[in-house]
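The letters A, B, C and D name the chains in turn, as written, and every chain counts its residues from 1.
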Amino acid sequence: MNEKGLAGVVIALPTPLHPDETVDVESLCRLMDHTINGGADAIMIGGTMGEGVALLDSQKRILVETAVAHNAGRITLLATVSETSTKRSIDFVRSIRHCPVDYWVCTSPYYNKFPDPQSVLTHITEIRGSSDRPLVFYNAPLATGNPVDVDTLDRILNMEGIAGVKDSSTNFGLFMEMLRRYPKGDRPASIMQGDESVFDVSLLLGADGVVSGGGVVFVELLKELYATACSNNPAQSMVLQRRLSQELRALLGPRAGRDWVAKIKQRLVDMDVIGASHVSAPFLTHIDTVGDE
Amino acid sequence: MNEKGLAGVVIALPTPLHPDETVDVESLCRLMDHTINGGADAIMIGGTMGEGVALLDSQKRILVETAVAHNAGRITLLATVSETSTKRSIDFVRSIRHCPVDYWVCTSPYYNKFPDPQSVLTHITEIRGSSDRPLVFYNAPLATGNPVDVDTLDRILNMEGIAGVKDSSTNFGLFMEMLRRYPKGDRPASIMQGDESVFDVSLLLGADGVVSGGGVVFVELLKELYATACSNNPAQSMVLQRRLSQELRALLGPRAGRDWVAKIKQRLVDMDVIGASHVSAPFLTHIDTVGDE
Amino acid sequence: MNEKGLAGVVIALPTPLHPDETVDVESLCRLMDHTINGGADAIMIGGTMGEGVALLDSQKRILVETAVAHNAGRITLLATVSETSTKRSIDFVRSIRHCPVDYWVCTSPYYNKFPDPQSVLTHITEIRGSSDRPLVFYNAPLATGNPVDVDTLDRILNMEGIAGVKDSSTNFGLFMEMLRRYPKGDRPASIMQGDESVFDVSLLLGADGVVSGGGVVFVELLKELYATACSNNPAQSMVLQRRLSQELRALLGPRAGRDWVAKIKQRLVDMDVIGASHVSAPFLTHIDTVGDE
Amino acid sequence: MNEKGLAGVVIALPTPLHPDETVDVESLCRLMDHTINGGADAIMIGGTMGEGVALLDSQKRILVETAVAHNAGRITLLATVSETSTKRSIDFVRSIRHCPVDYWVCTSPYYNKFPDPQSVLTHITEIRGSSDRPLVFYNAPLATGNPVDVDTLDRILNMEGIAGVKDSSTNFGLFMEMLRRYPKGDRPASIMQGDESVFDVSLLLGADGVVSGGGVVFVELLKELYATACSNNPAQSMVLQRRLSQELRALLGPRAGRDWVAKIKQRLVDMDVIGASHVSAPFLTHIDTVGDE
């Protein structure tokens, strides 16, 4: 684990798959090497970009085991363990906690609605207690249907064993209020931005780092943006953010909502980093959707 | 299986649990007897009311096996197999398809967004193909985050092996348009209403039946409402609907969004039908929330 | 005024305009004759369809004065007086209350948000008190941004001098609950449906009538739907509703949100009922938008 | 008019009223003096805070005439002329354009929906052309129901005679993208933040200024925040923003959505700046709502 805690450019890795949706271990290793060599500060596996909730538990375990073994301590490693309930999350952590990742990552539970803050606090406490590794809370209300307010995020940042919050709420006011309450260098845990459209301003105002799925194909640009913002250069940070947003738009195209996973994998195929662009059903591949709009 | 297809009053059963969140088999059997003796037309297990997505797979299998064995063919039985991806859904069905339920039930996948109709169609087709039992599609966009439009529901109703659609969208216009396209007695599959606030009008206009979670404590009232609406008595149907809505409000209380599962289980405890009101974390029990608002 | 109160098919009339957005009085008279001869039960002027809030006050007065004079008591006449505040509403009513319309119609105020039910109740009470004519409350939260709950609508129905509620909330559950509380023939004021997609079920379950803007070009079809539903023929009512929805879709086309006012006026021009399809800026005419998507 | 264009701390003034909702001219003059003496850079009258859309046209004219006369050129003056349609807006501007304000301010039209960008562009162009004074576009989608996308805002910033955009969308990503496209010192028109919860970050990243309604009672704090952010001191800016947010919360209380106008006026009464806290109906006064929740 990074001694200074979770920070910098975290790449949320896609999971290369075979046609039968088993993990393409060989491609995964190449993709990790590519990302590490590109200068990323950390790798997150099995997140939204990694189709984590869609894979069979057996494949998720192969994903974690492979990543830990292939990494061999070269880079900070985060592994996502989100599930629909506390019990299911703990059950999965227990089956994989022998793997020395640096951080587990979990979202709120999903499908059901849990409007009481006590629910997410209990959920996190119990998952945290089920292994000896620190936990990162991934705030992803658009996926889980369970928004978390700033006072609850504040309590999470102060929980024992919590290494940070990755915020993908796309609610910038919420994110900003965390930064205001805890100035950089004096906060109980890391505050990471997961919304790729506001990386510049988040870093300029004191975020510890960014987590990017699409960034797997733009690692160097992300590194430059991170360094520029941390050296307090707003004008150039904004120029780089605009470039990042434009590159992402060009990559994803007009049907991004439908085939974004396949589009990013296909680009990695084109870059000769992974072997194929297969996705887990019912995600669509770009081929399925040609001409249908 | 009911020869005339899926119809009438379907009770979505809560799943009685022990404190460790394993299935309380003895209570489950008593609850089934209570529901069957009350006159329900069918029982659905493992749905939203049944905390289906929250239980461990091992417990979900015990739930289905117990229900099938204890039912012994007395009542139509539906079992929910919803999961986050097609692969995970099929994997679960395969592990339990030896159990002769009457229907499997699945929602759209959840957590990820699948805006292209092709995704849900593929999902349903593949799940349908993984067993020899008919499938009911459970339209639950508030839980899954994946709304399905009426033209896609129309295609689902016409798919081979699809026994019906249970609509819990709370979008009455959508439901009504299905009824318009397929008059009662001349439709490819059953059309069931899952929104407890519009059972009266849905049945009066030709729905085949209703699916109710809260209804487990009001089986006789639901039966009366069903019979009244099917005999085309709008005025009395509306009186009964108002009674149902009032009883549900009184049962659930002002914090329904936070402890509805516990509230319904507690009522069943009070009725001496199940042994305890334990819920799966991070659902809250009524005790946790006393005095906290 | 109709002795039995507000009921039947109410046509919300477009307001024919000259290029300078003054009222085209000659076309207005022809359009009224067309609507009356088509068998409508009532005409509503200056509503959403009539661009009521967009016209100059001077033109709104000409609209009311012309309609009253040309009607000469032939048909029930409603005139909309919606404004952004109580004071502005009353000011307008006072300037036009010498015109013997049958009902004034007002929505909640708009632009500002008024979440307290007391606001809309005060608003209605004061407007009601500013003339000797009964008032119809037009529930249009999509336009005003101010939703009204069912208990408040219930209080409005029971206010002195309130002749009815026209509900365009597109919230069918809300509408249905009004019908449940007040069975047809035993209600304090009329309950009218303004959502053209659920006219069939609303009338079948006891609505007093419907208010339709697009219906100005389908008066006979609306009359047939009304008669069929009131004679309690659900199957045929649904057939007619489907026909109505299809005709409206065909008329409005794929850009309905942008040029619906112009499209309906153009159809009336094509039917030789009004002279031109001019709309108030910044509504778009069909000509502006050709080829731009 | 300020030679360097619209910038700094703009106070959106409440409109002091008599019980009959006519303008309390004496209080208005005192309130202006208070604001000018407090160091504000500009005053905006008749905006959302000023109940502008709620007042009678005759009172709005008195408001503008009084403000211009009493100001006597001491401070930059903006006057809002928002209306439901282009015609009504122009009509109002023409009735008041003899008053030498520095800027007119208009929102999108409201009540009706105008999803085509051409509508708002036409609206602004025509209003701009109806006087010889520059126009500020006030992006207020929560009030108007008509959101404007960033490409359209970009076109507005570049229109002739447009002095700036005040953004109250609460969509920070949108605001930030304007700042990215047009670095401070090199932009076609001013970019002002109207969302009081993100003044710090907006100014730190290059906004020209802020527009605040609640700020009328915190002019000095706003001035300090503005100076601190413009001297590029993020840490202290965030401290001041937190103070501002806390003061506003304390002032508005838990029912802010219902009586915010009355609460702010009452504070001004307590500060002995205006004579009474009367509001336009159906806004509620604090007295109406005591004990009712």
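As a convention for this text, a contact is a pair of C-beta atoms (placed from the backbone, for glycine too) under 8 Å apart; a residue touches a chain by one contact, two chains touch by 3 or more.
Everything numeric in this text was worked out from a predicted model, so none of it was measured.
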Mean-CA-position distance for chain B and chain A (Å): 34
Distance from the mean Cα position of chain C to that of chain B, given in whole angstrom: 39
Touching two or more other chains - residues of chain D: none
Overall pattern in which the protein chains touch one another (line/ring/star/complete/other): ring
Touching chain combinations (by label order): A-B, A-D, B-C, C-D
Contact footprint of chain D on chain C as seen in their complex: 21, 48, 51, 53-56, 82, 84-88, 91, 109-116, 118-120, 122-123, 126, 142-145, 257-258, 280-284, 288-289, 292
Residue ranges of chain C in contact with chain B within the complex: 170, 172-173, 176, 179-181, 183, 195, 197-198, 200-201, 204-206, 234-235, 238-239, 241-242
